[in-house]
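Labels A, B, C, D, E and F are assigned to the chains in the order they are written; within every chain, residues are numbered from 1.
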Amino acid sequence: MIKILMKVSSMRLLAENLSARRGEDLIFTDISFDLGAGESLVLTGRNGSGKSTLLRVVAGLLHAETGRVSWISESSESGMRAAEACHYLGHRNAMKAELTVFENLGFWKDFLGDAEDGKGISPGEAAESVGLGGIIHLPFGYLSAGQQRRMAFAKLLVAYRPVWILDEPTAALDVSAEAVFTELIKAHLAAGGILLAATHQPLGLENARELRMAGFAGVTEERW
Amino acid sequence: MIKILMKVSSMRLLAENLSARRGEDLIFTDISFDLGAGESLVLTGRNGSGKSTLLRVVAGLLHAETGRVSWISESSESGMRAAEACHYLGHRNAMKAELTVFENLGFWKDFLGDAEDGKGISPGEAAESVGLGGIIHLPFGYLSAGQQRRMAFAKLLVAYRPVWILDEPTAALDVSAEAVFTELIKAHLAAGGILLAATHQPLGLENARELRMAGFAGVTEERW
Amino acid sequence: MTESLAISKFSDLANPTRFLALAARILPWMAAATVIVFAIGLYLSFTTEGDYQQGATVRIMYVHVPSAWLSMMCYTVMAVSAIGTLVWRHPLADVSHKAAAPLGAAFTLIALATGSLWGKPMWGTWWVWDARLTSVFVLFLMYLGLIALNRAMDDPSRAARVSAVLILVGFVNIPIIKFSVDWWNTLHQPASVIRMGGPTIDQEFLWPLLIMAIAFTLLFFTLHVMAMRNEIWRRRVAAQRRMAARLAGREA
Amino acid sequence: MTALLLRDLKLSVRAGGGALIGVLFFMTVVAVIPFGVGPDLNLLSRIGPAIVWIGALLSALLGLDRLFQTEREDGSLDLLLMQEHPLVLTVLVKCLAHWLGNGLPLVIASPLLGLFMNMDEVAIGATMLTLLVGTPALTFIGAVGAAVAVALPRGGLLVSILVLPLAIPVLIFGVSASYAAVEDPAPFMPPFLILVAITMFFAVLGPLGAALALRNAGD
Amino acid sequence: MTALLLRDLKLSVRAGGGALIGVLFFMTVVAVIPFGVGPDLNLLSRIGPAIVWIGALLSALLGLDRLFQTEREDGSLDLLLMQEHPLVLTVLVKCLAHWLGNGLPLVIASPLLGLFMNMDEVAIGATMLTLLVGTPALTFIGAVGAAVAVALPRGGLLVSILVLPLAIPVLIFGVSASYAAVEDPAPFMPPFLILVAITMFFAVLGPLGAALALRNAGD
Amino acid sequence: MTHTFYIAMSYAVAAVVILCLIAWTWLDGRARQKELAELEASGIRRRSAQPTGDAA
């Protein structure tokens, strides 16, 4: 028991003094956090306050102006980019409308592969977990907005990543699906995962830390 | 006073026995409603239950399998298509990422024009009403998800249409913006407008009628 | 009930079941007639004399010209069905032009192949880029394009409507084929049978040609009815499978 | 309607860069032909009008297949379809904007290419005139294809095939009118007038067909 | 990686792109040429290789500019960028898939078109060989352009300026190698070897450049 | 080559194409009929063909 805890707790997602720019505006400055296994951080704040920006910085998709994000785990070599331990679910679903749901999920499963110490489930099971087992053979483009969002979430389950970065995961979902998502997220956390999410609606997680973004932190005028 | 009421009440959006198909599946059958001035109908239901489909049928973007939608108003000739009296705000925002917000709103104002007995406000004022007066000169693609949604809503204000058809207008919005939207919708209704909306979150409207969609109403196999 | 009345009237107009019953009744007769007329036509075309100018190769005419006519007629049938699709939204019209496209492509292919086989001895080359030859080639490409379009979309009624629009727009090619020899003077023969002022062709060749043309036409209609029947069956199977899947999903 | 015209022009300058890519491609095509033909100036000037026309045809088709696709992807198409302006008119205006952004630059660039091909002044003038009259027809024909492409998830190329056959008559009469202007026996006017007629014909048929396809693509 | 290859191939077949359609387009383009130039068989066979190459260039470039744009629009690009596979490899695989889906069918269809253009066997063989060697270079060059297009929201103009000039040498050496094979005095090998070198060069530079552009596209 | 060759070739080409067409249509029909029979056998049938009327 202790061994497992040890192993689990050796995993950490660390952000130090992050600041980021959009255009010439600084969106946020000096954000730091340190998430261990099973911990979660929820970003809140008004529209345009920089939640998506922070998530993209952590996922390595945007260059941070200052500061760095690092991923520390027992098994990983020190040089590993944090991005590689992360799943990112953005505003867009990253699925091809022309391919069937099964092909889409299968592709991501093969392409992403599993991170160490974890295993993804099969596309069929993943669709089942988000409550849409029956329509896996339909082209993705035929699904309704909420069904698409659910399938995009199923993508997180087919390949294992310890860190989930979710940008408004529950947009367009009905109430029952929201509950399903909460359950899935809780299960991920219970298994030692880490969650970083931006949202306007409470996700229903107990003991999630919250970070309120304020937006616009100044102009990078010192550079000139 | 009575005269105004008369004029207002002579406006009606009428749907009779609508049914629609997606692929070979019937999504709903026999839906009828009759909305007069100041009335609103909110569609609810699970993901994939056919809310968006019904809205697109009413907006004239999908062919109804049976039934018809008609628009009756004092000033309109009888042959007028219902679609022409409607604003449609779908899942996609109908704005060009390359153009600035001002250019986008200005284009829609000019192109859509005003329906009789109503007048749209200027792009600047519209952006102001949704709480984003300051960033009208930015290219639309630079806005955050919620800001984009708000600007798409501002589009409803620049050209007057008596009927608003909104598909999940509040997705991606923060709490304050939701309140702003509710106010704008109430003002529209108070001025004799009609609202048809699909949503998962309560819009905060009093005395709105609700229609629960059930989804999947059979297969049109009898055709073959 | 007025509503059920309207529905029954609608399904009366567009009733595939009726079509299937009708097809089952007339197909044997059509097939038999095709075989008989083909037998007569082939017999005649091998027993008539050769042309003094063109030698025995005139026999190629008996397959070339009917298939060329059919390639155009098939497109015309498709265009009429396309109007049915767009105006009356008749499901049988959808099926009709979808089923006709491969047939049209096949007859066009025959016209192209026999034409070039005729061209080699007569003109000394397999292929020239004259207006008629090219417009027939374009027709062939359009058939292939329509087949590809139908395969690229999986919602059949949407595919039918979209290809109907293209069929109608592409119909401008048919007069071009027909009149290209008059508009540009080219290597190819001008019309001598179907023309204003009556046929100018020798009686000797006219008979076998006409009988072969009838045979080809019968063949086309037989195959067309068969292909339409296949298409209806295909859709029926798809609808029933989907229904079964839905029901299974419900029970689970 | 002018709003739509202005927006589309603005977009083609700002994002696609239609004009420049078209002209560049056009020049590439024309620049490569002398390799095939060799440095025989007479021959070059003989096939000049044909080559310029072919280059224009191919560049006019570039990007045309996404005329409505972009509108659909961001949802604007829905709003365009709902308006009371006759849809045919909307399509016509979009075609016009596309032609102004992509076709007109080709026409303007054609004299330069005529010089490259060693054509004489009359031939250059005639080619330019026929291009001016003929390229709109290409846009109108392409619009039908573009409208059909909307129904397909990504049908760009498929559409070009369906549409290119229809463009052939435009090419034939454009080229023959250009030749007729140089070679004495053949009169210039008949093919030129046919070209004008074709353009007028497709100016009606194209938007009609495209509008029909857009109405029926519905999803 | 094979998953990516397979998916891209599937997409190009499924979504109205792919072998059949590329070839049909190519055929239509070549079919248009004789209409412009006239039915002069000698002339046709002389300009044949150039025409076939131009047709191939056009078909190879169509749709290439959206190689990464589609990935970006649906958000897949984000996930591709986050992986530990070297990004260069990802780009290479995408190029490969694009070439297999769009380039190779063109190469395979080229003999048929050679026949249409009345070319002799040697010329057909040479054209096919040069196409086989040269079209991958077009894909690699296009990939850089596509990546830059993603990075700059309004980069359309820049991309065309970037890509076409780079593609022209490919076209020129391809065409001149094809001619050298038929016309005796000119040797076939030098231009052909240059073509090979260009392809090898861009096979390295293209994915590198594209990966660099994608990394810096960040938004 | 003799004229007979060209004539024979034309008739052969036409015959081959037509026979392929007939065979394809025929086989396609057979396959569809078989599928329908299989569906029938597994108890799925058209609702309009069922005695119990619509369940809705």
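Heads up, the rule we're going with is that a contact is a pair of C-beta atoms (placed from the backbone, for glycine too) under 8 Å apart; a residue touches a chain by one contact, two chains touch by 3 or more.
The shown structure was predicted, so the numbers you read here are calculated from the model rather than taken from an experiment.
Colleague: Give me the set of chains touching chain B intersected with the set touching chain F.
Modeller: Expected: C.
Colleague: Chain D and chain E are the same sequence; what rotation (0 to 180°, nearest 5) superposes their CA atoms?
Modeller: Best-fit rotation on C-alpha atoms: 175 degrees.
Colleague: Is the C-beta contact count larger for C-E or for C-D?
Modeller: Between the two chain pairs, C-D has more contacting C-beta pairs.
Colleague: I'd like to verify one number: the distance from the centre of chain A to the centre of chain E, where each centre is the average of its C-alpha atoms, in whole angstrom.
Modeller: Chain A and chain E have C-alpha centres separated by 37 Å.
Colleague: Using CA atom averages as chain centres, what separation in Å is found between chain B and chain C?
Modeller: So the centre of chain B lies 46 Å away from the centre of chain C.
Colleague: Taking each chain's centre as the mean of its CA atoms, how far is chain C from chain F in angstrom?
Modeller: 16
Colleague: Chain D to chain F: how many Å between their CA centres?
Modeller: The answer is 42 Å.
Colleague: Got the chain D residues that touch at least 2 other chains?
Modeller: Touching at least two other chains: 14-15, 73, 152-155, 158, 161, 165, 168, 172, 218-219.
Colleague: Counting only residues that touch at least two other chains, what does the list for chain A look like?
Modeller: In chain A, residues 91, 97-98 touch at least two other chains, as defined above.
Colleague: List, in ascending order, every residue of chain C touching at least 2 other chains.
Modeller: 134, 138, 141, 144-145, 148-149, 152, 236, 240, 243, 246
Colleague: Report the residues of chain E in contact with chain A in the complex, numbered from low to high.
Modeller: Listed in rising order, the residues of chain E that touch chain A are 1-4, 6-7, 10-11, 14-15, 73-76, 78-79, 81-84, 218-219.
Colleague: What residues on chain B touch chain C, complex-wise?
Modeller: Listed in rising order, the residues are 17, 23-25, 66, 216, 219-224.
Colleague: Quick check on the complex: what are the chain B residues that touch chain D?
Modeller: Result: residues 56, 59-63, 80-81, 83-84, 86, 88, 90-99, 103, 106-108, 110-112 of chain B touch chain D.
Colleague: Write out the stretch or stretches of chain E touching chain C in their complex.
Modeller: 14-16, 20-21, 24, 27-28, 31, 34-35, 39, 41, 44, 116
Colleague: Report the residues of chain C in contact with chain D in the complex, numbered from low to high.
Modeller: Residues of chain C touching chain D: 86, 131, 134-135, 138-139, 141-142, 144-146, 148-149, 152-153, 158-159, 161-162, 164-166, 168-170, 172-173, 176.
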